[in-house]
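So, here's a batch of structures to check.
What follows is chain A paired twice: with chain B in the first complex and chain C in the second.
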Partner chain A sequence: MQIAKTNAIKKGVIRFCIGAAASLGIFAVFLLTQKQNPISVYMAIIHCFVNNRYNVGEIWVHMTPILITGMAALIPSKVGLCNCGGEGQLIAGALAANVVGVYCCSGMPGYLGIPIMMVAAVAAGMLCGAIPLIGKMCLNMNETLTTLLMNYIVVKIVAFLVYGPIKDPNGNNYPMSAKLAEQLRITSFTGSRGNWTIFVAVIIAIVVWIVFNKTELGFKMKVVGGNGRAAQFAGYKVKKIQCISFLVASGLAGLAGGFFMSSVEIQVRETTGSGYGFMGFLATGIVGDNPLLSIVSSFMLSALKACGATLEVNTGLRSAASMILMSVILLVIFALGRRKRDE
Partner chain B sequence: MGEVLMRAEGLKKVFGDFVANDGINLEIEKGKIYALAGENGAGKSTLMKMLYGVYKIDGGKLFIDGQEMEKYNPSIAREKGIGMVFQDFRLVPAFTALENAFLSVEDMGNYFDKKALRKKMNEISAKYNLGVNPDEYVWRLDLGQRQHIEILKVLLNNETRILIFDEPTSVLAPNEIESFLELLTTFRDAGFAVILITHKIHEIVQVADVVHILRKGKMVHTFYREDGLHEKDIVAKMVGTEDEKLANVQATYTGEGKVVREYKDFALKCSHMTIRDDYGRIIINNSDLQIAPGMIMGVAGISGNGQRELTEALYGIRKIDAGKISFAGEDVTTANIETRLEKGFRILSEDPIRDNLVPDYSVLKHMAISGFDYKKKLLDIDWEDLQRQMDACEEIKDLNVPPSDRRAEKLSGGNIQRMVFARAIIGNPKFLIVSYPSRGLDIATVNAVHETLERLRDAGVAILFISEDLNELFTLSDRLCVLSENMIHGPYLPEDFDAEKIGTIMLKGAGE
Partner chain C sequence: MMSLIGDFILNTIRSGTPIIYALIGDLIGQRAGHISLSVEGSMLMGCCLGYTTCYYTGNLPLAVIVSILGGALIGFLQAHLNIACGANMFALALALNYFATSVTTYFGSSMISKSIKGFSKIAIPGLCKIPLIGNALFNQDILTYISFILPVLAYFVLYKTKLGLAVRSCGEVHQVAVAYGFDVKKLKYGAVIVAGMLAAVGGCQLSCAYTMTWTAEMSGGRGFIASALVILCCWKPLRAYFAAYLFGAAQALGILFQLMGLPIPTNIVNMAPYVITLIALAITAINKTPMMPEELKKIGRPLEIMN
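Here is the complex of A and B:
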């Protein structure tokens, strides 16, 4: 069994390398159509991060929310639910952290204020998850759709708030909320916007892996997700396990929003946090819901996101080109990750 | 001599280190019925899937019409005239028979020509007397009728010359089996080659022209009808010489010398129980059922008369509409499954794949889901201890449960049945619900299952035993009841009844 396991890992690594090579190849064709030299573009991407503290820091900035919302999609999927609402839960968390930070904690020292803001963020994420969850459990509404729809509701609520109730009175009438007080901001590494929340994100991913691979709880959760009827026949409390997992997941997404608000955004905008939830969903999806591989995939996605702007400046390619590269890589990894039928 | 349609030379299939088939030689001629017999896990299904192109062939050669098949897959197989009727039907319940047929028709293009397809279906259905109504929804049909749709789907392909059936009778009621076997001979006489995978010996003896015996992945013997087919010889080759004693036990199941048991008190008491099916219709109405410790209560009835609903209601998966269920003096009508498990309720459901199988989980992990009481190690299950428990477990050995590291979804239907049945009986059951325990199993395991049930009965377990095999019901049951006309009829003493009387109640109820 041990041998089989190492073989599987070897296979995975080989597959990953093939995937990376293939996607770089495909993208090279695109670059040639744009009259760009692929090699110099790829060198430029690497150059982005060599001796450039700021750009490396940008990777961590993107990776924290992507990885955590990834877990928020992964945990429910292991118990047979689909959480497409990481996006909205993250934004709700960011909103709550800002509102609580500005209106309740502005006089508090950081060691007190930041935890309170994070609790508020988690609660907001959970609330955002609880609504579709109630629909699912009581009315059997499809949670894939309801969580997806919740995203739009949250975005619209944020828009409503920043144009009105929470608009910064001293903000020159821009549609933005007030900024968090200095002491309520999570301090960055020197020379970049990166900060310690990335460690929390990685630890969360590792803990999730441990739970699903090394604990009785994770074992039971996977039974629920693998075959709900089997769990029911074994006397498991299926709905309870599903509900708790879903709430924990949406709470995590909320926490990611809190982190993002307190470390990067500082104030709420109409666009705050948009895109991260979906990217997190993708980051775990393409690696087959493996928490450890999710760390790698979210790192890659973040690096591509981080290099977009530099790429535009250095090569004249539009920054959207990095999104094309990202999509190519996603599709290739996704295709390789599918299990063959006759294995 | 018929025309040779297909020939295999030294076929081999491996899964990791496990050799599922090795050195298989076959010759399939027009107008003959071939039976592939063997115990569960002997490699019958694997071989079929290779012949049909589902599995890649790992060694050896396959010839169709004398031409070697280098590239091979199910769609090539269909083009070459090979049709497979799967054991687990591949039908969409929410579609009609017509719509399901359309899904499998390849040469009709994208335009859904309902009229033409319906006409063709009706023609084929009439020709072979299949009785398929193209516009009936599949979910309304019983398993026998669904099988007919599967067959019809295969026949819709004009090329079809070879029909492969995988355990076709395991889903049929006794009265349906006879007509199914007749259908097979009709196909033979119409010039088809028929390949039948089964382990029901009397069916083989009845219809097969050639019988291939598989054991541990190898073809060990071939019988021909010209030389005479005898149940005893076939069984002996199937189980191998060392197991011949077990096989003989089967032959002595005559019901003679049976003990009639009397019971004073009952463990499970259900009164005025009303149960609804998935569509909200009352399927069991205002019925009583009582089972004593040390009693096997056999339940006869044509499938679809509430067997599944009854077992689910007793086990607590399905809420009952009215009535009361008590066990050992305590009301358990509304008790959840956890509580029932603590009281010793165990179940082998009618469909273990649907109700028990967790994809990606090994046999060992399935044993942790229910069955064994595992120890904990930090936050995790102590897997090594569980493995030791499993190795030491007699029932697991007796029932030949597959090795603990096999992934459960890759097991054959029979092996899944063994695993789930073993799980249900370890850990001191007090009330055991078993549905079709011998379905899909070979003779040696069927005997082991029967012996286990009798042993548990003698140990004082109350057993509800659902089966379609009247022979089995009469042999094992201490009391019989019959599900028909939305009622539980009985209990009856098997000694007072014969198959005919029970059959009458099954069809018409116990009307005075």
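Here is the complex of A and C:
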């Protein structure tokens, strides 16, 4: 069993490397059609991060939400549910953190205010996850579709709020909420927007790995996800385990939103947090739901996301080009096949 | 008042048309046992390719064909990577949507704020003068007219032909298809590719006939909604009219409120289609119709224990 497991991880890593190499090749062809020299573009991508504190910090900025929402997709998938709603849960968390921060905690010191904001963010994420979860448990509604629809609903709610009720009265009529008070912001590393929340994200991923691989609870959860009926015969409370996992996951996505708001965004906009949830879902999807490999994959995706803007300045490629590279990598890794479960 | 109701019906039809295409497409795919959420991506490809082709050549049939090819590409990737490479259906679909978004954002950026001469309306003499519904039903572009017969066509193919029986059996008991001498794998590929193609036509209609503009990510979740509406249809093509125009009506309601000057914020109104789809799904779930193809019931219920 142990050997099989290391083999599987080894295979995953090999697949990941081949995939990355193949997609760089495909993207090179695309670059040639755009009259760009692939080698100089790839050098430009690497150059983004050499001796550039700000750009390296941008990796951590993107990686925190991507990794945490990745976990929010991974935990339910282990218990046989599908959470595509990380996007909406993250945005709801960001919104809640801002609203609570601006309207309740503006006078509080940071050590008190920030935790309260994070609790609000977690609660908002959970609320957002609870609606599809109730649908799933009571009516057996397809949670993939309901969580996807929830994403759009949350985005519309945010749009409504920033154009109306929470619009900053001193904000020159821009559709943005008020900024968080100075002491409620998570301080960045010097010279960049990166901050300590990245450590929390990595620790969460490691804890998730430990839970699934070293604890009885994790074993139970995998049994529930693997074979619900066997789990029932074994006397596990299948629905309870599923519900708690889903709520914890959506709470985590909310927390990611809270972190993002307090450290990077500061104020709510229409586009706050958009794209991170989907990216997180894919970051874990391409590594076959392995928490530790997710750290690597989300690092890679974040680095590509971070270099988009610099790439546009240095090579003249539109920033969507880095999105194309990301999507090619994702598809190639899918094409190489998922790790067989019985191996 | 009459003109308000007429506008409402017109907007219902107009908003519902792209959905009908994606809905029927995904319905065929789902009958073959494959949920393609990537119809969202196919639709976006259709929007962008149709618009670009129309802008450069002005040739509308060509625009439709190019859109269909783009949608077929997404459909093929969805089928191939899932069936042959064993990728997770939903994760793959999201990756394909991301692919479509990035490619169309990149190549479409030069199309923003360019105007085209899209599909013009063809009024059917006499019929288009019927009060209330005449303008909505009989003064439309060609793609909308096709969408009127599409569900009937899909019903005929799925229920009245041997091919349709084989496709349906792929999603239920695939031995039937084998017994009729069909290759199950090919049928599944075909069904999913057709899903992508039809969704792309819907996208083309959206950009070249309905809005006549191109903006990045303009499909705005319509593909996901179409996938959800398939459940509302209970996997029956003729109910597509009801489901798609329910969505259309939800969008038209927003325009109606604006015309009537009601003080309801647009973003709340824009939320209505998604909320209504969600509620409709819940109602379908309460009725517990045992219509779901057998193969779909297996999705998300892996039988063996993971590692």
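Descriptive notes on the structure:
Rule of thumb we're sticking to: the second predicted complex is superposed on the first by the 324 of 343 C-alpha atoms of A that agree within 3 Å, B and C clash if a C-alpha of one lies under 4 Å from a C-alpha of the other, contacts with A are read in each partner's own complex, and residues count from 1 in each chain.
Here is the rule we use: a residue touches a chain if its C-beta (ideal position, glycine included) is under 8 Å from a C-beta of that chain, and two chains touch if they have at least 3 such contacts.
Everything quoted here is computed from the prediction, not taken from an experiment.
Superposition note: with chain A as the common reference, chain B and chain C are in steric clash. In the superposed model, A:L139 lies in contact with chain C only, and not with chain B. Within the superposed three-chain model, A:N227 lies in touch with chain B and with chain C [touch as defined at top]. Looking at the shared chain after the overlay, A:E216 reaches chain B, while chain C stays out of its contact range. Residue contacts after overlaying the shared chain place A:F334 against chain C, while chain B stays out of touching range.
Looking at the shared chain after the overlay, A:G191 reaches neither chain B nor chain C.
With both structures placed on the common chain, the touch criterion links A:K237 to chain B but leaves chain C unconnected. In the superposition on chain A, the chain among chain B and chain C reaching more residues of chain A is C. After overlaying the two complexes on the shared chain, residue contacts for A:P115 are found with neither chain B nor chain C.
In the superposition on chain A, contact is made by A:A159 with chain C only, not with chain B.
When the two complexes are superposed on chain A, the residues of chain A that touch both chain B and chain C are 4, 222-223, 226-227, 230, 342. Listed in rising order, the residues of chain A touching chain B in the complex are 1, 4, 214-217, 219, 222-223, 226-227, 229-235, 237, 342.
Note for the complex: chain A touches chain C at residues 4-5, 8, 78, 80-82, 84, 135, 139-142, 144-146, 148-153, 156-157, 159-160, 163-164, 222-223, 225-228, 230, 278-279, 281-282, 285-286, 289, 318, 320-321, 323-324, 326-328, 330-331, 334-338, 340-342. Those residues of chain B whose C-beta lies close enough to touch chain A in the complex are 16, 54-56, 315, 317, 336-338, 340-341, 347, 349, 354-361, 365, 368-370, 376, 379-381, 405.
On chain C, the positions that touch chain A within their shared complex are 35, 37, 77, 81, 85-88, 90-92, 94-99, 101-103, 105-106, 109, 220-221, 224-225, 227-228, 231, 265, 267-268, 270-271, 274-275, 277-278, 281-282, 285-286, 300-307.
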